[in-house]
Every structure is written in C-alpha cells, then in structure tokens.
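Take this structure, written in structure tokens, and hold onto it; I'll ask about it next.
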Amino acid sequence: MELISLLFTFVLAAFLGFELIQKVPSQLHTPLMSGSNAISGITMVGAIIAAGVADGLFGSILGFLALVLATINVVGGYMVTDRMLGMFKKKGH
Amino acid sequence: MQEMLINLAYIVASILFIFGIKMLGSADTARKGNLVSAIGMLIAVVVTLFEKGLSYEWIVAGLIVGTAIGAIAAKRVQMTGMPELVALFNGFGGLASLLVGWAEYTKDEGHLTPFTATVVVLAILIGGITFTGSMIAYLKLSGKMGGTPTLFPGQKVFNALVVLAMLGLGGYFIATGTEWALYAVIGLSLALGILGVIPIGGGDMPVVISLLNSFSGLAASAAGFVIFNTVLVVAGCLVGASGLILTVIMCKAMNRTLANVLFGGFGAASGKGGAEVEGEMKAMSVTDAYYVLEAANRVIFVPGYGMAVAQAQHAVKELGEVLEKNGAEVSYAIHPVAGRMPGHMNVLLAEADVPYEQLTEMDDANAIMPAVDVAIVIGANDVVNPAAAEDPSSPIYGMPIINVHEARTVFALKRGQGAGFSGLVNTLFFRENTRMIYGDAKATVNALVGQFKD
Amino acid sequence: MKIFAPKETAEIETRAALDPAAAKKLVDLGAVVEVESGLGLKSDHDDKDYEAAGARVVSRRDDALREADIVLRVRKPEISDVFKLKEGCIHISFLEPFSEGVLLRSLATQGVTAIALETVPRTTLAQKMDAISSQANLAGYVAVTVAANRLNSIFPMMMTPAGTISPAKVFVLGIGVAGLQAIATAKRLGARVTAFDVRPEALEQAESLGAKALRIDLGDTAGTDEGYARELTRDQLEKQRLEQAKVCAQSDVVITTAKVFGRRPPILITKDVVKSMKRGTVVVDLAAEVGGNVEGVVPGEEVITDEGVRLVGLANYEGMVSKHATQVYASNLANMIEHFWNLEDKRFVVDLEDEIQCGCVITHGGAIVHERFKN
Amino acid sequence: MQEMLINLAYIVASILFIFGIKMLGSADTARKGNLVSAIGMLIAVVVTLFEKGLSYEWIVAGLIVGTAIGAIAAKRVQMTGMPELVALFNGFGGLASLLVGWAEYTKDEGHLTPFTATVVVLAILIGGITFTGSMIAYLKLSGKMGGTPTLFPGQKVFNALVVLAMLGLGGYFIATGTEWALYAVIGLSLALGILGVIPIGGGDMPVVISLLNSFSGLAASAAGFVIFNTVLVVAGCLVGASGLILTVIMCKAMNRTLANVLFGGFGAASGKGGAEVEGEMKAMSVTDAYYVLEAANRVIFVPGYGMAVAQAQHAVKELGEVLEKNGAEVSYAIHPVAGRMPGHMNVLLAEADVPYEQLTEMDDANAIMPAVDVAIVIGANDVVNPAAAEDPSSPIYGMPIINVHEARTVFALKRGQGAGFSGLVNTLFFRENTRMIYGDAKATVNALVGQFKD
Amino acid sequence: MELISLLFTFVLAAFLGFELIQKVPSQLHTPLMSGSNAISGITMVGAIIAAGVADGLFGSILGFLALVLATINVVGGYMVTDRMLGMFKKKGH
Amino acid sequence: MKIFAPKETAEIETRAALDPAAAKKLVDLGAVVEVESGLGLKSDHDDKDYEAAGARVVSRRDDALREADIVLRVRKPEISDVFKLKEGCIHISFLEPFSEGVLLRSLATQGVTAIALETVPRTTLAQKMDAISSQANLAGYVAVTVAANRLNSIFPMMMTPAGTISPAKVFVLGIGVAGLQAIATAKRLGARVTAFDVRPEALEQAESLGAKALRIDLGDTAGTDEGYARELTRDQLEKQRLEQAKVCAQSDVVITTAKVFGRRPPILITKDVVKSMKRGTVVVDLAAEVGGNVEGVVPGEEVITDEGVRLVGLANYEGMVSKHATQVYASNLANMIEHFWNLEDKRFVVDLEDEIQCGCVITHGGAIVHERFKN
C-alpha cells in the first residue's frame, strides 16, 4: 500500500508538473530551468538521510559526498536563479 | 508523532515548490517564486535533520562544505557564465542522486527487494547520465571544449549498444543482486551521459541542460522511492514533468523538435549525400509558431493580395504591436506589385494605422533580410517567389522579389495550395526554413495575437 | 406661430435656412411654416420637397416677411429687410454682431428679437443649436477636398512598380472644430498631418485623430470661458511663427483655421513664410472671409504667387457642400426652436434668464439686451 | 498482488478522471472528456468488485436498482429539466457518502481512532449538507417550491447557532465516540442543508448546485479517508477543487461574489432601511470582466473622447468581433456630441472598419438599452451622465444622453477619476450596476480581447 | 505513513483540480458541473465496499442504500451530461 | 546614346516624359539626356532641377529631335515631328495605335522604332514599365477627389448634434486599376462603395478593398489573355444595365472606368439611367476621352443635365496630379530603358524576340512589326 501511495503521489505530481508550466516567455526559460534545477536538489534530503544513517565508512563517505554535491546544487542553484531574476528590470508590462 | 510532523512539513514544502514553479513561469512573480521554493527547500532540509537516528558529524560537515562552495560559486560567477554554472549544479544534483542510490545499496546490500533494486538502478542510471551529460554541457558552454558536435562513424550504433548493455545489466542486477553489475551500470550510465551529449552542438546546450534538469528531477524522484520519502518523490517528479514541458517549449522557440536537437548532430555526419531534393511543404501549428515568434528579435511582415482578400490588415497591425511589446523589431516590407493595384498594401496598412516609419521598400527590406529571425508572408506569393531570382526559365525571372528565403525562418500564411496571380509554383514554400500556416490569414493572425495575450 | 425662411440674397450663398426635414419638424411642433419659392434649389431640394414636408411655398417674399413671427435665415439680413419685420418678430441667423453695429440698432429699433448664432454658448447642452460648429465642421472637410483638388500631387503614400509616392504633408493651423475635421479628412486620405494650436488641450485632440501635434512652448495661452482662443502677445506670436515657418516650408498643403472670438483673425503665415514654401504648395485659409490667417490671401479668390504657391481664400467653404450644410444648419435652427417651444401655446418662449438665450439674444423689446453689445 | 493490481487500476482511473475534467472544460473535447471519465469510473467500479471478502448479494442488487433508476431518469428527463436532475443526482451522491461514513461507523463501532472518527464526521456532515441542500435546489429549480428566497427574522443568528451546535457535537463525538452525538450531527447537517439553501433565490440555484457538487466531491474524499481508499480521495478531491473554481467562475459571469450569492438573500430581508446613499465606485479586474462578457448575449459599446485619446478604435472593433464570434449581439451607440468634433467617433470607427450597420443612433440605442447585458463605456463621460436626465440643477440637464445606466451591467473604461469636457461629476460611476475598469482604454480593451483568445 | 500518503495525495489532487479548470466558456458551465458531479459519484466504490463487507444487517442496508444512491448518481450523471453535450452543435470554432 | 524629352504640345497635357529623378537614373546608365526648356513647369520642376540631375536643357527643339537616339514623350507625336526623327531612333510614348494608322505608317516609313506604351504586356515582370497602369491608378484617385469637389454633400458619415449625415453612396463601374484606386479612395473618405465589373475576379478584388461587389450573373465573361475585358453580348449588356440602373438611382457619385482593349468603350449608363438619378448626383466618366461609358458626357467638359445631374467628362484626369503622374510615368520609361539597356555598349537593345518588346514595339526597321497592326 505504501508503495501504491507513492506511485499515486508520483502520478499526481507528474500531472501537476505538466499543468503548472503553460506559456513561459522566452526570457524566463533560463531562470525557470535554473530555479527548478534548484528544486531538484531536493535529493539533499535523501543525502542527509544517507549520510546520517549509513552504516560503514564507505556508505558514510558516499552519503557525505552526496550531501556536499546536493547542497552545492541547492544553495548555488537558488542564489544563481535569484541573481538572474534580479537582472530583469520589469519591462513595465 | 514526530514522524507525522516531519511529513506534514514535507507536505508544506511540496506546496511551496508547486507555488514556486508556478510563479517562476511569469515575469512579474518569478523572483518571489524562487524565494518561495527556497523556503520550501529550507523547511524540507531542516525537518529532515529531526529524523530519528541520524549521526550528525558527516551531515554538518557536508552541509558546511556544500553551502560554502555553492554560495561562493553563485556569487563569483559572471553574468555570462550563469548557464554553464547551472549545468554544473545540475550535474552535481544528478551525481548526488546516484550516490544516494548507491549508499542505500551499500546499506541493504544483498537483501534488496526487487522493487528497491529497480529504483536503485533507476536513481543510479538517471543520476549518472545527468552527471556526465551536464559536465559535457558545462565544458561546451564554458568554451573549455569546442562547441561543434563531436562525431565518429558508427556513433549511432555504438550508442545504441551502450544503452542496451546498460539496460541489460540493470535488469540482471535487479534479478540477481550481483554487485559488479551495479558498478557496470554506474560506469555505463556515466559513459552514456558523455556519449549522448558530445554529438550535440554548443548552441543547443540550453535545451540539453533543460532536459538533463528534468532527468535530475526524475533521479531525485527515484531516490525518493529508494528511501521511501514522499517529498523527494513529489518534488523530483514536479521538476521532471515541468522540466520536460519547458524543454519542449524551448525547442519550439527554436523551431526544432526535441528529437532534432538530440539526434540532429548525427544527421550532420551522414548528410550532404543525395542530390538536391525538391523538399516538402511543412505545416506548422499556430501554437508552435507562437513559440518561435515569442523568441524572435526581428520580424518582418510581407503582405500580399491574400492579406487584402482576408481583410487581415487590422489583425496584422495588432500582431505587429504585440511583437513590438514583446521586444521584437518589426517592419513591413512592401513589394511594389503586391496586391492588385498600385499601392494596394499602402491603402490597407494605412487604414490599419501602421506607422509610415515601419513601411519598408523592397531594397531596404532585402538588405536586412539575413538578420531577420522570422519573415511572415501574409497571403503573398508571386512577390516572394525565389524563381524570379534563381530560375531563368521562369516567366517572372528577372523581377526583383522580397528575399524572404534569406530570413532565418519564414512563415507562409495562406489558405491552401493556391497559386498567385501569375499561376506559378513557388519553391519558397518547399524550403527548409519555411513553415506553412494554413488558413484564412485573418483568422491565423488573430490566433497568433491570441497566443500572446493570455 | 408663423415661421418664414426667405431665400438668401447673397449671390455666393448656396445654403438655405430650412431643408424639408427641418421644415417638417417645425410643422410637427405646430407651427405654420412658409418658405420662399426656390429656397432649396442650390442645396438640391425643390419646392415640391418642402410642400411634401408640410410647408407652404410662397413667392411674395415681402408679405411673408411682414407676417412672420419667426424669420429664419443663414446670413445677416439687409437693413431694408429688417424694416419689413413686424414688432416682436424673432429673427434667427448669423448676424456678425461684432462688426454690424448699425444692423443691431436697426433690429432693436424695429422691436425685433434678434438671435445671433455666433454667440450661442459653446456648452454641451447648446451644441445641438451651435451653427458655428456645425458649419465649421463641414468647412474643415471642404478645406481638404479643395486642397486635394488643387494640389498637383496625391495625398496617400503608394509603393508602386513605378517607384514610391510619398504621402502628402499637411499642416493644419488652428485646431478648432474645422481644424479637427480637416485633420480627420486629410488623415483619411492618407496624408501625414501635423497640427498646431495655441490651446494645449487642442493638441491632445489633434493627436486623438492620429495627427502629429507641433508643440511650441508659448507660456500661458488658456482660452476664454466660452471656449474661444485669446489673442497672443507679440513675443508669443513671433516664436510661434518661427516654428511654424519650418513646418510650412516642408508641407504640401497648409490649412489655417485660426479665429479669435470677436476680432480680426491673427496673421499666422506672413509673406516671407509663403515665399519659403515649395512650388506647388496649396494654402487653404478658412479664415479668409473675415480677414485671413495668411498674408496675401484675397478673400473669395485663389491666387498663385510668383513662387508657384497657391493661396486659396474662398468665402463660403461650407457652401460647397450646400446640401449637408443646409441639413445641419436647418437642424440647428429647428433644435433651437424646439428647445424653447411651448407645446401648449405652440410658441417660442423668449426668456432672457435662460443661459443659452442670455448668450445669443442680441436685441429684444426695442433694445440691445446682450451685455457685450450694449454699447 | 491482487491488491497491487487493484490499486494500479485505481491510478489509471484517477488519470482518466484528470483527463476527463480537463477535456470537459473546452467545447471541442467536452463530450469525449465525459466519456473518458466514465471509463475511469467503470474501471474503478469493476476493479473494486475484485476486492477480497465482499459478499455480492447486496452489491448486485444495489447496482441493478441504481443503474435502472439512474438510466431511466436520465433518458426520460426533458431538456429543460436537466439542471434539476443534476441537483437530484448530486444530492444522492452526498447522501451516499453520508451512508458510507455511517456504515463504517457501525462496523467499527466503539473502537474508532480519532482520525477515523474525524473523517467519519466529515463525510457525514458534508454529505448531509449536500443531500438536503441539493434537494431544496431541486425543488426550487423544478418549481415544486417557490423560487423566491424564504426568509425569517433572526435567520442569520439561528443558522450560525446550528453550525456551532453541529461542530460542537461533532467534536464531542470524536473525543468520546458517543453514538447519539453522531446521530445529532446527521440531523443537524441535514437541517443545515435546508436552512442554507432556502434563503437563496431560484436564479442563483446553478451556483448553489455547483458549490454543493464541490461539497459532494469533498464528502467522497472524506469517505475515502474513512475506508483508506486512494481513488476516492483523489477523485473526490479533484471534484472538490475544480468544482470550487467552477463555482467562482460562475459567480463572476453573473458579476457577483460567491458570498453575495450565498448570503445575499439575508440582505434582502434586512435592507431598504437607510436613505439613498451615494454609492461607491467599484473597480473590476479585466479577468472578471471577461467572465461577464463571455456570458453576455447583447453588448453595446459607447465610445467617447477617451477612446480617441487612447486610439483604441481598432482594439474596440476587435473586441466587438470577438464578442460576436462568442455569440453576442454587438452594436455601437454614438452620442452626437461624443468626442471633440462632430462625427469624431464616426471617423475613428470607420478607420477601424466597423460596419455602418452596427452604428446606432442615440435614440435607437436607448430603446434597446434595458435588454442590453453589458454596456461598455469607452472613455465617455458627459454623454452618459444620468444627471442630464435626472438632476435639474445640472448644467447639462435636458441634454439627451445614452442611458447606459439602464443596461444590466455597465463597464466604464477610463484611466482614473478624470472628469469629462464639462467637468461634472458623473453619478453613473457610482451606480450599483456599474463597474470601473481603470487604465488606458486601448490597453484595457486589448487585455479583454486577450482574455477571449487563449 | 499511510495516512500521510493519503494526505499528500489529497493535497496534490486539490492543486491539480485547481489547475485543471481555467477559463470555461459559459455554455459549458452546466455540463462541466454535471460531469464532475458524476465523478463525485466515485463514492460508489466506497459504497460497494460498505455494502460488501458490512457486518450486521443494519450496516448492509446502509451500504445497500449508499450503493443504490451512488449508482444513480454515477449512471444518471454520465448519461445526462452526455445528452447535454450532444445538444451543442459545434459552433464552428 | 542621346535621349531627348521634348515639351508636350497638347495644351491640355500637364505631364512630362521625364522628371529630374528619372533623368538622373538615365544619366547614371551612361546616356546623354536632353530635355526641352520648360519641360517640367506644369509638374512643379524647373530647368534647374533637371540640370542638377545631370541633364542638358536645350531650347532648340527641332535640332534635339533630329539628333536624338531615343525620344521620350507622353502623348503621340505630331506627324510633322515624326519626320524630324533620324532613322533608327527609338520613340517611346503613348501612340493610340488602334486609331492612328497614318501615324504608325509614318513612323515606319521614317525608320523609327516606335514603342507604344498601350501595348506593354500586362505581366508581373513588365509592370514596372506599364504606364497604362501607373496613370490609370492616379486617374482613379483623381476621379474621387473631383467627385468630392463637385458633390453638394460630403462623403463620410457623421453623427452630429445637428443630426446624422449619412455616408455618400459611390458606385464604381469597371474595376480595373483605376476602378480599384477609386474604390480605395472613396472608401478612405468614408463613402459606402458598391462596385461592378464583368470579370468575376475583379469583384473579389473590389471586396479586398472593402467595397460591396454587385454580383450580376452574366454567364461567360472571361477576359482576354492580356488581362483586358472582352466585349459583351447584347443580352448580357441589357441585363447588366438593368441591375446597374437600380444602383445608379440610389448613388450620390458614379464613377465609370470600363474600357475594352482596342475598341470604343461600352456605354454603361444610358440617358434614361442618367434621368433616373437624384438631383445633385455626380457622374465621373474616366473613359470620356476615348468615347465615354456614359451617354451624354462631353469629352473634356462638365455638363449638368436638366434633372441636375452633373456629368464630368474631363480628358486628362491624371494630369490633375501632374507632379506624381510625371514621376511615375517617367519612372516607367526609365525602367523600360534600364531593362533593355546594355551596360557595356551603353545602348538600348532592340530585340523583337523578347516577350515584352514583342508586345510593344510597333514599328521597326522601316516596317510595322507588331502582329496586331500589320494590316
């Protein structure tokens, strides 16, 4: 059942993802990509768990590496996106 | 109870991600959207730290190192270097998913359920491709590697074999749990990321990154299945789906298909063999045309008799205005014999109040044509027939025409296969860079305007 | 009440004070309407049309004048006609009250209630009886058709196999009612129109018709309360002339419409400026009849200068579209009568307290009653 | 394994529901969308029959009886009777949810977890309101009960007390599991459905049904939580959310707020006390205006000097065309002194190629005004100032105006509080049926056109 | 966890429901309402389970009644919606 | 090569065969360009303008004619002028080849290569040298400005405080180049335009300018290969006249442009129809010079019938906008010369095989070479 619930969630999230993005003005393509790249850094949550609960040094190292990388992705991703978006002076739409 | 709270927090985080993505899609709210999603991320991360049974030394170290590197890189990067930085970050995310999958394997070694094994393989496989693919994209974008497609004979077959091997070994691992198979999958996925991206030109890298971004979301989602964590599944899948849509949108803005972007490079290796073919008329939908126009910087209208028949002048004027508001430079190229009386187009465009400054004479229009992103031919035919310049046997050979075929992309708006006044076949419509948008010109143009206003 | 519309006596006048439609409206109000035979000939209506509308066609003009309770005309009456009117008769027409002191005194002496259409207040409410506007509007249109007819070239832009014909440049000076209609008409024909007026709000109005407004900073130039322009100072005029001269030199057609309420219109275009214009330029002066905005214009005529510039100074522009000019003029009069008509008594009620009548009744009860013309 | 398959089928059913709802929202696909969602339902129902441990006699009987009744009712009903039939069906759905909750309670009696107790209460409560509310709506729509609001003194207070009692007893039941409290909740929810709907006028019933439909979705979702069934949760929630949005849209099309629809009737009872107030200027967004226009059958434009200033004539023409395409009858009422020169509006509208047939003179326009759904005043002011007809002290008293205030709804498009040529205050803008749409007229009209084309 | 998954699913479905309905032409308001009313008859699944697994006659009767009502809602709802939609001759959009 | 443009001899002609811009173009091709002094006076160009363009201004017309390799004119030459031309001289102008047999023979005898602009093929390629089109286009515009000037009322609709002025009804008969431009111009001015032509595709073209097309089913009426209309049968004409009469009776302005290649234009409007028209109606006949579409029209004049209908039969409509008419005419000629110019030899290459020259060279090498005029 747990698994099914996850699948359900997965399917609904997929549809929601499709519906959310409709017409994106071209100047937003890159920031949007960058911003959602930061979200994909959610794997950081997995990395924390992996780093925190791994048994054995090897697993811990893997987890540690995963965490470092995921953190870079998240922190860097959000900051870069914000910088990009900061550049757009509102064109007075 | 604690678990309950953590999960509720995950739900909140997911909601924030949803809002964040939605807000990122519109200019007014994009920056706030990014902030909203960042808050979601913060909540998810902080709450995870409350999970039971975590040992914190690795975690704290990892967080500090990662935050420092990420922040410094983001601060230091030049504005022009941002796209490659995004590629780099994206690769890291993919690698992280791979590592999470791998770490989970080391923990449960041997007693994986088939399901867990499957998702571990998926996380590793997608994460691996994302990682190396992003790295290549990074190298190409930053100029550390040449932007031209890298091609070698038999490339297609070789890559297909790699894919097959990877899938086969993945299946073998799932079935048997054999360790080396997993490592082989890791290796092959890393290789595939490289192999898949090197044949793609530097100009297409943004699309590749967007696709790989979608992949890294899926990898995160797979990692979520590995550790049975809902927020990972949801957030990863949101990114996977929205990233895919975004990729498609970006392709359309380049008037390409995704397949063309990904595998077009291969074609370049084989091409140029056959004789000059006639080509075929390629129709395009209004929505796809919208994506191209939305991204265009210079647009030229070429009206003809069909615009008069459709009485589309007001609609055309409006499309022009909308394009200008969107940042494009717009002009109207008037061929002296367009229409059915001298000055036919002038009468109509004046009626629609097109400013005189935007009316361009043939010669001036032809001078800028190669720099034009989209030439929109509105019910014109004879006056844009390249045969006049190229085919000495044509009855109109020698007549100067408006050289729309030299523009990057040509949209030809007409109702069907009807010929013009002189009854000639127009090879323009068969050219590689021409797209037919069929239908009454007024309806088509109005539909295009509609696409811009929503 | 008996309403009578005599034929116009001025040779140049093609309009009439009543058309069949307006006559019918008055008949429906309960008035007895008489028109002089042949009244509508120059505006394409014959006597039968008036009869069909319920009016009586009469030939004995003097008798009719003597009996009429209301006399409707376009132009000011001759003094000889005034003396035929009975006491208490209401006389509605243009009167040129600023220059016709003798006429006003005669009207007063005769005991006539004379209404001058020139001084109908320019309020939203009174606009239906505002003949100055309704005629100026048509004059603005005619100015352009006359210019198009005289010009050696065409108005619209055309990109043709034999080269591109660039659009005519039209400059409209004075953006009142006539100027606006001139702008609209020239724009319609495809010209590039520039316009100027001393009243800043008029510039916005010109833009609302798609013209380019020439903006010259002249300091304070607000209009009078009645909506007419005030006279400018010498310095202001000089600066204005300079800027205008530049535009004039590039124009193919110049149309001037500037009037100042109650005075001679200002000279906007001097001889020098005319000299600087291109050969073939057409200048249409709508103010020619009252003095002209252009130096060298001869009222009622067209002259071509040595440099080949044509100065058009016709006297009765709106008269060139006499059918419609008559239609709206007659409608203005009928609207006015209807507005002040008492349906029970079937009579026109003179009421000097009324804001509109206070503005346009000049003489009444044997005296000049209008504030402005009392002395 | 079987459970797995059943659940996979539920996922498929949910996906079909999603597609179904999406397709129902657009004219071209609506019918197919209904079919798609019906197939989803079939799958969900059939698969449920494979659940372990079901005894079939009750089920088969129930299915047969229900199918027969439903099919016959749907076949027999007159076209005009459909809305009330939907109300009836909706009520049945709500009652079914109530019964499911109740049945679950009888099964687990006594040993309900707080969570289950909560969702049982929710299913019963929402289902009960839905049931009786829908019944009242049915009666009002079918004419079996008067359409006028039923009002009594103290109604608001009384209803509030009922709500409080219901919530209190529900909480008590959750906390203690006391049986009578549950029955009391059932009774009160049924009462509340009746009490809530009787004060609403018959004309507003469609909105009420839509809202109750949203409720019945939520009730189903709550029932899903009761029996831990995902498809119920998902489908119910989809209907709950989309139904709510639809309800809001329907309100906007009537130029009302939801609160106004639901509680407006109460106002009718208390009102008519105070003196004639000045009213206030009510702004409206372009999107909301769209919903009203979209539903309008007769629209009249009243242009003024502001249209000229904004040079909005082309945009106005296009909005006219779009409205006509949408099925509305469109005309343009020209006041003789609109603008700043005689014929000002004619020049502009002719430039925009508005057909002469659609230009209406003041008197003709005023004759049809009471039948006009929306009068769109575009930068006109003096020429639509009711003071000219109503206020003898006004300087323009006696001037005929275009009586837009007699139209059902008036949209006044202007930039701000600017007065017209004559500088007067215009009471039109303060009227009950007037909505201000602020902004440059051209921008506003273009935005409206954009709303129609998406 | 099961419960959390359901909640997750619920939230995602809610968002999806909101996103799905954007601009509905007014002539589709009633059919859309009717069609989604039919979907809300999904409670029929609950009713089947209630009718099939109830212990005790009372529970069975409740379940039976629920099933009859839900079935009416579903069957009638879909059929009525279809009839309504059948009436719209495509206006040639 | 020496190219010479003499002054036009016809009093009525205001156009010239060269304007400064075209002269410059020819000079740039390497030709020696001579113009007769005063050539451009009526089209607002003086001798200095031509000199500035690189042309030589000459006064001795006869000498220049004798020496010229190419002579450019607007109207057909007098026979006396023909005999001044040298052998092999290329003469480009309108020639009226259908009626001017003697002239053609003289040109042949003299050994002149005479090009008639009337017979330039109406193909897409040749359009830049098609003077018939370029002039008809302007004539169409002028027809409307003339009508507007003569009409007693205005074209556009106006809803004013003094009542509504309904738009003028304009009926355009014959939707060739001139007809189309007339439609466009009348529409611009705000008129309601109805149009008719026997060629069905022309009706679509009228609609493409916003006019209402009068559709009468006449059976087979396809045009000739050259794009000109074919003559109609008697029955067809009758039916057509009937339908048109109805429209005419309601119109304020009627403009006729119907020509048939090489023949007298058809009578489209008979005396009876003219009688049925409203007082004040203006009829502009663009075909008047070659015979007219309207019964009662006097070429070169305006007559007013007893019923008050004005029949305008001017002879040279395009000449009323002589500046632009000259511009496009000269450009047509320059385009033609450029098209057949050999840049190395700097000469006009006569090549009767060429599709365009085959259509428009009438005499060459001492004989009439054009198929159509050989006998």
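Going by the order they are written in, the chains are A, B, C, D, E and F; count residues from 1 in each one.
As a working rule, a contact is a pair of C-beta atoms (placed from the backbone, for glycine too) under 8 Å apart; a residue touches a chain by one contact, two chains touch by 3 or more.
Every value quoted in this text rests on a predicted model; they were computed, and no experiment measured them.
If you take the chains that touch chain A and keep only those that also touch chain E, what is left?
B, D
From chain C, count the fewest steps through touching chains until chain E is reached.
Contact-graph shortest path, chain C to chain E, evaluates to 2.
Name the chain pair with more contacting C-beta pairs, choosing from B-E and B-F.
If we tally the contacting C-beta pairs, B-F comes out ahead.
Taking all residue numbers used at the chain B/chain D interface, answer same if over half belong to both copies and different if under half do.
Shared-number fraction above one half, so same.
In whole angstrom, how far does the Cα centroid of chain E sit from the Cα centroid of chain F?
Once rounded, the distance between the two centres reads 75 Å.
Could you work out how far the Cα centre of chain A sits from that of chain F, in whole Å?
74
Centroid of chain A to centroid of chain B, CA atoms only: how many Å?
Averaging C-alpha atoms per chain gives centres 19 Å apart.
Using mean CA coordinates as chain centres, what's the chain C-chain D distance in Å?
Roughly 56 Å separates the two chain centres.
Which parts of chain C, given as residue numbers and ranges, touch two or more other chains?
Counting only residues that touch two or more other chains, chain C contributes 127-128, 133-134, 137, 156, 158, 160-163, 165, 188, 190, 210, 328.
What residues in chain A touch two or more of the other chains?
Only 1-2, 5-6, 8-9, 12-13, 15-16, 20 qualify.
Would you please write down the residue numbers of chain D that are in contact with two or more other chains?
14, 18, 230, 234, 311, 336-337, 342-343, 347, 350-351, 353, 451, 454
Which two-chain combinations touch?
Every pair of chains in contact is listed here: A-B, A-D, A-E, B-C, B-D, B-E, B-F, C-D, C-F, D-E, D-F.
Which bits of chain E are touching chain B when the two form their complex?
Counting only chain E, the residues touching chain B are 1, 4-5, 7-8, 11-12, 15.
Show me the residue ranges of chain B that touch chain E in the complex, using the header's touch definition.
It comes out as residues 3-4, 7-8, 10-11, 14-15, 18, 230, 234.
Any idea which chain B residues touch chain D in the complex?
311, 314-315, 317-318, 351-353, 446-447, 449-454
So in the complex, which bits of chain B are touching chain F?
It comes out as residues 305, 308-309, 311, 336-337, 339-344, 347-348, 350-351, 382, 395-399, 421-422.
Across the complex, what residues on chain B touch chain A?
That would be residues 14, 17-18, 20-22, 24-28, 30-31, 33-35, 37-38, 40-41, 44-45, 48-49, 51, 53-56, 58-59, 61-63, 65-67, 69-71, 73-75, 77, 79, 82-83, 85-86, 89-90, 92-93, 95-97, 99-100, 102-104, 106-107, 115, 206, 209-210, 213, 216-217, 219-221, 223-246, 249-250, 253, 290-291, 294-295, 326-327, 451, 454 of chain B.
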